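In the two assemblies presented below, chain A is common to both, partnered first by chain B and then by chain C.
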Partner chain A sequence: MIISVASGKGGTGKTTVSVALAQSLGYCNFYDFDVEAPNSDIFLKPDINHYQKVYVKYPYFIKKDGVSFKACSDFCHFNAIASINEDYIFFEELCHGCGGCILVGPEGYVREKDAEVGEISKGFKSPGIYFFMGNLKPKSMRTSNIQGDLEKMLDRNQTVIIDSPPGNSCSMVNAVKNCDYCILVTEPTPYGLSDLKISIDVLKNLNKKFGIIINRDGIGNKELEDFCRQNSYKILLKIPNDINIAKTYSKGGSLLEWEPKMKDKFLGIIDEIEKEVG
Partner chain B sequence: MKICISSTGDNIDSSVDPRFGRCPFFLIYDDSTETYEFISNASRNAMGGAGIQAAQEVISKGAEAVITGNIGPNSYRVFESAKIKIYTGVSGPLKEAIAKFKANQLTSTSGPSVQSHFGMGKE
Partner chain C sequence: MKQMTIISGKGGTGKTTLASNFIKLAKNHIAVDADVDAANLYILLKPTILQTQEFTGGPIAYLKGECINCGRCEELCRFDAISDSLADIKFDNLKCEGCGVCEYVCPADAIGLKAEKQGEYYISDTFYGKFVHARLDPGAENSGKLVTIVRNVAEDIAYRENKELIIIDGAPGIGCSVIASLNGVDFVVIIIEPTLSGISDFLKIYDVVKFFGIKPFVVINKKDINEENRQKIIRFCASGNTEIIGEIPYDERIPFNLANNTFAVDDTESIAGKEIKNIWEKIISLEL
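The block that comes next holds the complex of A and B.
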C-alpha cells in the first residue's frame, strides 16, 4: 500500500506527518519526493549507505562557419537556445531535454550528452525503515527526472510513505499519482483552506482516496472544519498548535519524540486507511 | 540606426514599459529616417525564457540599441553577444525617450538591472 502525504500550502507539516507515520510503523519504505528541498533525513536520521546519480540528456552544439541554429531556437518552447546570426547561446537551466533541437537542427551539429541533475540517497533506519531521498542540483529544472528515478524504486508490496513536495503542480502530481491513499496536511487558516481546495481538485481528478490532517489546530478560524464537514471529508487527526512541537522540530525531533503517545494515533490512522483502501 | 523601445502600447503616445521580455509591444524607431513601427511581443506570455526570445526578435528586426526600464540576465546575454547597446532605467513617454536618446542623455548599462522573472506577474 502506498500512502502519499501532500499539501498545497508549504510548511503545514507534510514531513512532520510522514516521518511520524514511518516511525510509528517501524517497518516501511520511505520516499522523500520533495527533491527541490528534501529534509526528511534530518528527522528520520537514517544511515545513508548509497548514492545514485541521476543523469539526463542535454544537447550540445558544435559551432561552425555557415551553420545556424535558428531552427533549434524557433522550435524550443522553453527558449533554451538563442540563435544570433551564426552564434548561439545555450541556457542549460531552461532546457527540458526533449531532444527536439537535435531533430530539427543542422544534422550532426547538435548532439546529446549526459548531464548530472541530482542524486538519490538510499539508507536504512532501524528497526526496518528503508529510506530513499531525491536531491535536485541547485538551479536545475529537472525535478521530474529525479522523481521519475525515485518512482522506479517504489515497491508496492511494502507499506510505502511518500513525502510530497508542496503545491499542486507537476511535482506534487508525481508524488501522489501512484498512491492508494493521500493524506492532505493543512492548517486552519484562509491560505491553508484555499490551497487544500486545489489539492482536493487534483486528487479527485486522479481518482484518489484522501483524508485530512489539521496541523496547528487552534490558530486561524473554523472555516476549514466547516468546509470538511459540509463536504463529508474525513479529518484523520488534529495536531495542536503547541510551542513544544516547534521546539522539538527545531532540534530535528519528530512528533513521536514530542509525545510518544502519538504513535498509537498514527497507527490508528494507518488501520483506518487500510480499511478504506481494502 | 534602428533603436528598440519596450512599450506599454502600440501607438507613439504610449510609455516605456519597465519590463523587457514581457512587455506588450516594441517600438522599432529608425533615427535616420525618423520612421517607426510597432511590433507585438509574441513572447510576452512564454512559459519561460521570454527575454531570450524577445531579444532574438528585436535583433532580427535590425535594432542596434535597446531602451527599456529593466533588463534581465538572459536577454542581457543575448544582446551582449550581438553587441547591442542597452539603456535601462528609462521611463515616461516614448517620445521623451527618443528625444533623450538623440540628445545622448541616456547611459548604457554594463550588466542586467534585474534578476530573472522580474517581468512575471506584473500585468
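The block that comes next holds the complex of A and C.
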C-alpha cells in the first residue's frame, strides 16, 4: 500500500506527518519526493549507505566547416538551440534531453553526454525503515528526472510512505499519482484552505482517495472545518498549535519525540486507511 | 524601476505574509504572485479582475491518425510517455513533455502535438495598487512558463505607469518556477526560520541566488524558536557578507490577522507587524 502525504501550501507539516507515520509503523519504505527541498533525513535520521547520482542526457555539437545545425534549431520545441550559419548557441537550461536534435541533425555531429542533476540517497533506520531521498542539485531544473528515478524504486509490496513537495503542479502529481491514499496536511487559515481546495481538485482528477490532517489546530478560523464538514471530507487528525512542537521541530525532533502517545493515533490512521483502501 | 522577489526554499516560512505587508506599505509599485500553483496573495489583496487571459502551456502528443503499431515512437520517447505502441497505443499526458520526437519518427504521420489551456492569468486592481496573478490548472506543468508570463505583463505595466518597484511573491523550492521568478530581478529577500530544515533549504536557495549574481537580503522569521540555529544563520550570513535586514519574532497575531483579513503592519498589537515595518523602511533606504 502506498500512502502519499501532500499539501498545496508549504510548511504545513507534510514532513512532520510522514516521518511520524514511518516512525509509528517502524517497518516501511520511506520516499522523500520533495527533491527541491528535502528535509526528512533531518527528522528520521537514517544511516545513509548509498548515493546514486541522477543523470540526464544533454547534446553537444561538433563544429565543422559546412556542417549546419539549423535542422536541430528548427526542430527543438524548447528553443534550446539557436543556429546561425555554421555557428550555434546551446541553452542547456532549456534542454529537456529528448534526443530530437540527434535524430534530425547532421549525422555524427550531434552527440550526447551525461550531466548530473542530483542524487538519491538510500539508507536505513532501525527497526525497519528503508529510506530513499531525492536531492536536486541547485541551479538544475530537472525536478521530474529525480522523481522519476525515485519512482522506479517504489515497492508496492511494502507499506510505502511518500513525502510530497508543496504545491499543486506536476512535481506534486509525480508524488501522488502512484498512491492508494493521500493524506492532505493543512492549517486552518485562509491560505491553508485555498491551497487545500486545489490539492483536492488534483486528487479528484487522479481518482485518489484522501483524508485531511489539520495541523496547528487552534490558529486562524473555523472555515476549514466547515468546508470539510460540508463536503463530507474525512478529518483524520488534528495536531494542536503548540510552541513546543515548533521548538522540537526546529531541533530536528519528530512529533513522536514531542509526544510518544501520538504513535497510537498514527497507527489508528493507518488502520483506517487500510480499511478504506481494502 | 526595480524588481524584488521574496523566496525561502522551504515552504510556509512567511513569504506571502511578508509580501502582502510590503505591498500594503509600498506606494508606487506593482504586485506579482509568482506562486502560480498555490497562490495566496489574492486572499488579502482582494483583487478586482480587470483582464483575464488564457494560458496555454507546451503542447503534448496525441493520436491524430491511424497507428500502424510499429513501436518506433515508444522506443524513442525518453519520457516513458508512450506505451503499448505495438498493440493499442497510449499516451501518458502527465509524462509527455511535448518534445515532438514521436511526431517526427512516426512513419504513418499518425501523431500530432496540440497545446491545451493549462491555466489563466489576470491583471487586477486592488486597494494597494495593480496586481498580476495567475491560476495554474490543478496538476498542470509549465509553472515556470506561467511565472515568466505574469512577470512580463507586470513589467509592461510598470514601465507604462512609471512604477518604481515590482514586488514578486515567489514559490517554495528551488526548481523551474522559482528560477523563473529570479531571472533578472535586482534583489531578493530570503525569509527563513531558525529550524534545521529551514537552514538546509536556505543553503540551497542561497546557492541559486548567488549563482544568478542577485543580491540577497535575509529575514529571520520566528527568530525566538531556536537560538542555536539563529546564531548559525547569523554566522553564515556574516561569512558571506549577506545582510540580515530584520528578525521577526514569533507572534500569534500573524495567523489571527490572516484569519481576519487584516494586515500585520496595521495591527498595533502585532510585534511581528512592527518589525516588518522596520524591514520595509530599510529596504526603501537601501534600494529605492
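Simple rule for what comes next: the second predicted complex is superposed on the first by the 276 of 278 C-alpha atoms of A that agree within 3 Å, B and C clash if a C-alpha of one lies under 4 Å from a C-alpha of the other, contacts with A are read in each partner's own complex, and residues count from 1 in each chain.
Assume a contact is a pair of C-beta atoms (placed from the backbone, for glycine too) under 8 Å apart; a residue touches a chain by one contact, two chains touch by 3 or more.
On a predicted model such as this, the values are computed, not experimentally measured, just so you know.
When the shared chain is aligned, no partner comes close enough to touch A:227: not chain B, not chain C. After overlaying the two complexes on the shared chain, residue contacts for A:42 are found with chain C alone; chain B is out of touch.
Chain A has more of its residues touched by C than by the other of chain B and chain C.
Of the two partner chains, neither chain B nor chain C is touched by A:109. In the superposition on chain A, A:77 makes contact with both chain B and chain C.
Once the two complexes are laid over each other on the shared chain, residue contacts for A:89 go to chain B alone; chain C is not touched. On chain A, the surface patch touched by chain B in one complex and by chain C in the other comprises residues 77-78. Taken in their complex, chain B has these residues touching chain A: 43, 46-50, 52-53, 55-56, 59, 74, 77-78, 81-82. Of all the residues in chain A, the ones that touch chain B in their complex are 73, 76-80, 82-85, 87, 89, 91, 94.
Residues of chain A that touch chain C in their complex: 8-12, 15, 34, 36-37, 39, 42-43, 57, 75, 77-78, 93, 96-100, 103-104, 136, 138-139, 141, 143, 148, 165-174, 177, 187-191, 194-195, 198-199, 201-202, 205-206, 216, 219-221, 243, 246-247, 249-252. Taken in their complex, chain C has these residues touching chain A: 8-13, 16, 35-40, 43, 58-59, 76, 78-80, 94, 97-101, 104-105, 113, 136, 138-141, 143-144, 171-179, 193-198, 200-201, 204-205, 207-208, 211, 222, 225-226, 229, 250, 252, 255-256, 258-259, 261.
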